[in-house]
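Letters A, B, C and D mark the chains as written, and numbering starts fresh at 1 in each.
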């Protein structure tokens, strides 16, 4: 379910700190009855559930750290989402077998973008994206979260 | 949305400590597109979401304590669910206007039953029930939850 | 993920038409971040989603018919749920690996019971149950559903 | 809960057919226990559920047509989503009271954009957007959906 393919990909010109990664996590899953709406197709919020799960699994695959141990392992509070988006190209329905391929498309100093591509019967069904922050305790106020620098060894493991 | 009606109700013979209450909380809501499945009717797990919300609102109505302040107000950890059940008598579909009437049908020393009746067009659509525990920190191990006695003043407010 | 084990099971005395089956479908899954609530444990309606999916997969495993083809294959409208219930014995949290074992515990003329046992770290975490109807078009009113007799060859495949 | 305010808004230059509307639908709601994740804040897919519901309610408020009657009233199949997006500016947690203000930010020939602004304690918490299609039966293949022109009287009702 995991592969390290590095497609021909051109880095966006976002300055010297951005790192484009190629490590891709792929998951196959089947659309469930409860994922679908009265039109018989996946209700859109479900895709954002699929994306969230794939991001956790992508980090597990790249770092070898279980999702529930990620925060403690790196001394952070979590990877809060600041932006989510999706284009719906082709509907998926009950029983359809989809693949969700996810990778970090860009690492910045303390945030990163995850790209999720859902494929159905060989065609793109959904293109999704998330922007997340590597968040630790604020130095000024330990009760608050703040963005902290992503360790280079984390970025390195995404290739 | 709240009323204190006390229907003619016969207490189950569960011993001297059981208290049957009559305080009923009623909420009207409309079935959403996203609540429904490909058959065009509410997907059953959604009813358990509706029940959970109604239990929080029932306690708010009876005790005058906001859900997010309930644990701190009474020095407990929460009201964990130990049993949930529902009979589905009549389907509810997109746009249907339902009423959910909820009450504590029995208080015991440290647990209680909540009864949820969903009505649609004047007829019963779903009969649900929950059994929950009044849970605090264990005396033996403060890391663990254990059932603690429900304060008499809490029970009294349910009439 | 599927096995045909037949545990030592005593049939309830519900008359000559009831058939107890032993065919059990087992699925392993991991608890996701989005399944859990602020207490860090699975929000109860999610278990009913897991049960619904397992019932579809149980029928697939026993009959060799994909869920999305079940209705057409047997000339029915579906398997509507008339009752659902669960006991929560032990909480499951983010990252926990659970097994859901499901079987038809009893077939009656036109309805049946499904039993779902969720195991975590070798112990029972949740005991669930569903009662469903084998539903076709009503003879009197083709717009309506009514319970129809379950074909003997269906029951036979559950052992 | 509904108002027809028209904020000072500058139309994007997308050609002569685009119509910017000012009709805004506002809904207040309370964040539920089941909307939140182990971090104690709303799990992001829930926001897309809130948006979906608000779009239905916005059309109901503007057109005076119940959601479940919208398709039949206008002879369409539905308003399928082709794009969804959200920026998360400030977390919302259990018990928080939010307002979701929704309006069609642009009508094009057969598609439109809905803007959703979620406010919490007077500050923006989430900025969301949807792009949807006014979809009818394809002339070439009645089994398929295709985008059809949005009736001018529909657009007119959004001001």
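As a working rule, a residue touches a chain if its C-beta (ideal position, glycine included) is under 8 Å from a C-beta of that chain, and two chains touch if they have at least 3 such contacts.
Note that the coordinates shown come from a computational prediction; the quantities given were computed from them, not determined experimentally.
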Ask   = In this assembly, which chains make contact with chain B and also with chain D?
value = A, C
Request  = Compare the CA centroid of chain C with every other chain's and tell me the farthest one.
outcome  = D
Inquiry  = Could you work out how far the Cα centre of chain A sits from that of chain D, in whole Å?
reply    = 25
Query = If you average the CA atoms of chain A and of chain B, how many Å lie between those two points?
reply = 37
Note = Contacts with two or more other chains occur in chain D at residues 33-34, 39, 43, 45, 49, 52, 93-94
Message = Which stretch or stretches of chain A touch chain C in the complex?
response = 32-34, 49, 52-53, 56, 66-69, 93-95
Key: Contact set on chain B toward chain C in their complex   = 39, 43-46, 48-49, 52, 78, 80-88, 91
Ask   = What does chain D use to touch chain C in their complex?
value = 33-34, 36-40, 43, 45, 93-94
